[in-house]
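Next come two complexes built around chain A: one with chain B, the other with chain C.
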Partner chain A sequence: MNYEIDFFYVLKGIDQLLEGLLVTVQLTLTSVVIGVIGGFLVCLMAMSQSRLIRLPTMAFIEVFRCTPALIQIVWIFYCVPMLFNVFLDPFVMGVLALSLNLIAFNAEAYRAAIQAIPKAHLDASIALGLTPLQTNLYVVLPQAIRLGMPVLVTNAISIFQQSALVAIVAIEDLMYMGKLLSTETYRPIETFTFVALMYFAIALPVMLLSSRLEKRYKTANS
Partner chain B sequence: MTYTIDFLFLFEYWEVLLEGLMTSLQVTGLCLLLGLALGFLVSLMRVSSNKLIYSVSTVYVEFFRGTPVLIQLFWIFFCLPLILGTEISNFSSAVIALTLYMGAISSETFRASLLSIDKDQSDACVALGLDSLTKIMHVILPQAILRAVPTLLSNTVSLFKESALVSAVGMSDLMYIGQNISSVTAKPVEMLTAVAFIYFIIAFPLTRCVSLLEGKLIHKIAI
Partner chain C sequence: MISSNAHSVKNAPNTALNQMGTEAFVSIRGLEKSYGPNIHVLKGLDLDMQPGDRIVVIGPSGGGKSTLLRCMMGLEEIAAGDITLGGEGYISAAPGKKGINKLNREVQKRVGMVFQHYTLFPHLTILSNLTLASVKSRGISRQEANAKAMSLLERFGLADKARAHPSQLSGGQKQRVAIARALMLSPELMLFDEVTSALDPELVNEVESVMLQLAEQKMPMMIVTHDMWFAKNIATRVVFCAGGVIVEDGTPEQVFGNPKEQRTREFLENVLHAGH
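On to the complex of A and B.
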């Protein structure tokens, strides 16, 4: 091998990478916030009594769970402007694509969690005379978040990783900046390794947190 | 809106799309087999009492679960040839990358199901005087594998979806062909929708199977 490892150029381009990282983190956090809230609403809609609400919602969930995130992102980038004649900021489009994907996955997580809530709680809510809104807000939601937490965190980690896909539609996130830097410097090994480590450094603490949560959840249940 | 939707033109391209789908399925199938074997091996390494074996396998799994598949793919596509000093075709790098990804997520599945087997079963094996090979081959493994099936199936769906990424290194899979046709014909709405639909009709029945298996079959057979 006559390739000499030299991290000099990567370190010179560190500002560029950090800028990209900032975009990645912003994309992820915005999508996670939208996904956690939107996922619960969509989950309630998917469990609605009315077919008119339930069926389209379930179709939405299945479509986003059963197609590659890449095609969702590309579709939204090319087709939304053409179909609706709106031209949004690329960052907004990225958030839109990632949060729709996360909403679908979180809705499933919430649904599993809600099904684990004992039926007696709902009966009790009726007996206490709570309105449906109060029941959802004070009885169902807190438990759904607690029971669904391990999966919600796992989903957040995977949306963090899927966010790298927006580089393909030229949003200047960490992945995009890394690709750019590696072509500019002809140093793919150093750049890609460094970028991978940056992703890993952020994902690892969250992954550790999630496995601790899961353990606590298991011991609390047994 | 000035864009007129016309799905009919898609029929001219169905053969190419089918070819792309075949490529996607080939990559998925190959990586599924290799990834399952790798994942199984790694899961055994991760329950090993040898510290070195445990650490190596744990670092591998955590690293591949903690970084985007896209960067794993790019790393293998751009960096591995430099390190090895030989060319690697994009098919090989796609297969290597997705196999490593599938191996990492499946090893977690195998591990979870190995750990889910009740300790009593091991005790019972000791009480019955079974040697450890018999215990593993005839008592622990059959149950563990059966319990892992639903999650492995949903891993397969993830793998199939992730296979769309190989278009980023220029492999002509379904995604790549779809994007190409959509830019040549300037009809992205129909083309991309059609491609998404093709992915959907393959992945959706599989996810249905997952919920079916989780709901009934496994409980009936195994637990």
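On to the complex of A and C.
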């Protein structure tokens, strides 16, 4: 094998890659905001007393957790327009697919967090005369966000990486731009290595920050 | 109310101090509680508490002591019976509708409870732990609640911890905060469920001395404890609860010094020997 590694052409296309990165970050941030809020609401629905609400919600969660994200993206991109005759901007379609996926995973994170709150706190809330709504608002929710934070961050980082899948439906994200550049330059090794490093450079600091925060919460709650 | 009074006369043998004529402060009648179909914890328990009583409930584990307190706080669904406070019924089983109790929340609010495992809310400061219920559920202004909280914390020697979080406190301090949190709501009756059981031995004293302070101020209390020395010191009445009923009921001198019932004697011999 006498392939010579040369990053020259990749670095010449850096503008293109940065444009793609911007789209990737926008896709991710929008989906994370929707996922953090939507996940909590869906979690409450999944814990509802009413079967009529609970069962369909749980079905939604399990469908999105148990099928490949790639299929979810492709399905939403090709089947939603055919089935419902709606044609949305590709970026919006991408956000829709990614945030539905994230909502399902975040709902589970919230549920686990709520279950980790000691039941004795609920007893204490009753003894203090708080109503169920007040207990949820002032005792359960703040603790659920804290306890769920590590998993919520992990899910956000994972959706950042999954977002590369939207390249397959021609959304011009980092992965898509990388693919273009590699065909233009005939330099797949350098291009994809560089693209991987760009994902890594964003995800790693977030990951480190989150484990630091987690450590701090743990000492604060022990 | 009238019918429950008639009932209390019928069950008079269970009231130790023979104050049948005066109206009981707390009256518990025919209390039954089961966990599932096979575990009957309370089997028709009757108990009257007079104003100014400080009742210590002793007895073997599984005998129903904690369950009794939890029922009085309204934390458990009861299968039968009813409980009144100051003549007003506030918890009663609704026969026919399984598992659903009639609960008067306004009367329930006059009862305070402290638990074995502090149950302070970890995301709130000590001050906010104290003021949360006052502000959110009693409509007291934040300023007023803060002032009351600070005076309670000062009284318990915890004023410097107001801005701390529960994780920064020792077990004894947490438990004193939990007592202060309950007192914030000016309860007429305080329930203490094994509040020193989870504490290291050297921290027990600081919590018990706070409770003795409350006793001096004539706060009506019902206390479940394994600390017989403390029971002797704080109780005006000692109740031996086993097998889901009150087996013996009398002054501390009577129950500890000269128990009438065989079961009480056996229990006391066991715990007092284990204690030495």
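Here is the rule we go by: the second predicted complex is superposed on the first by the 198 of 222 C-alpha atoms of A that agree within 3 Å, B and C clash if a C-alpha of one lies under 4 Å from a C-alpha of the other, contacts with A are read in each partner's own complex, and residues count from 1 in each chain.
Just so we're on the same page, a residue touches a chain if its C-beta (ideal position, glycine included) is under 8 Å from a C-beta of that chain, and two chains touch if they have at least 3 such contacts.
Remember, it's a predicted structure, so these values are computed and weren't measured experimentally.
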Partner chain in contact with A:L165 - chain B first, chain C second, else both or neither: first
Larger contact residue set on chain A - chain B or chain C: B
Which of chain B and chain C A:C66 touches, first, second, both or neither: first
Partner chain(s) touched by A:M82 [first = chain B, second = chain C, both, neither]: first
Partner chain(s) touched by A:V74 [first = chain B, second = chain C, both, neither]: first
First, second, both or neither for A:P150, with chain B first and chain C second: neither
Chain C-contacting residues of chain A that also contact chain B: none
In the complex, chain B residues that touch chain A: 1-3, 62-63, 65-72, 74-75, 78-79, 82-85, 157, 161-165, 167-168, 175, 178-179, 182, 188-189, 192-193, 195-196, 199-200, 203-204, 207
Interface residues, chain A side, partner chain B - complex: 1-3, 62-63, 65-72, 74-75, 78-79, 82-85, 157, 161-165, 167-168, 175, 178-179, 182, 188-189, 192-193, 195-196, 199-200, 203-204, 207
In the complex, chain C residues that touch chain A: 70, 73-75, 105, 108-109, 111-113, 115, 117, 119, 121-123, 132-133, 136-138, 165, 167, 181-182, 185
In the complex, chain A residues that touch chain C: 118, 120-121, 123-124, 126-131, 134, 138-139, 142-143, 146, 219-222
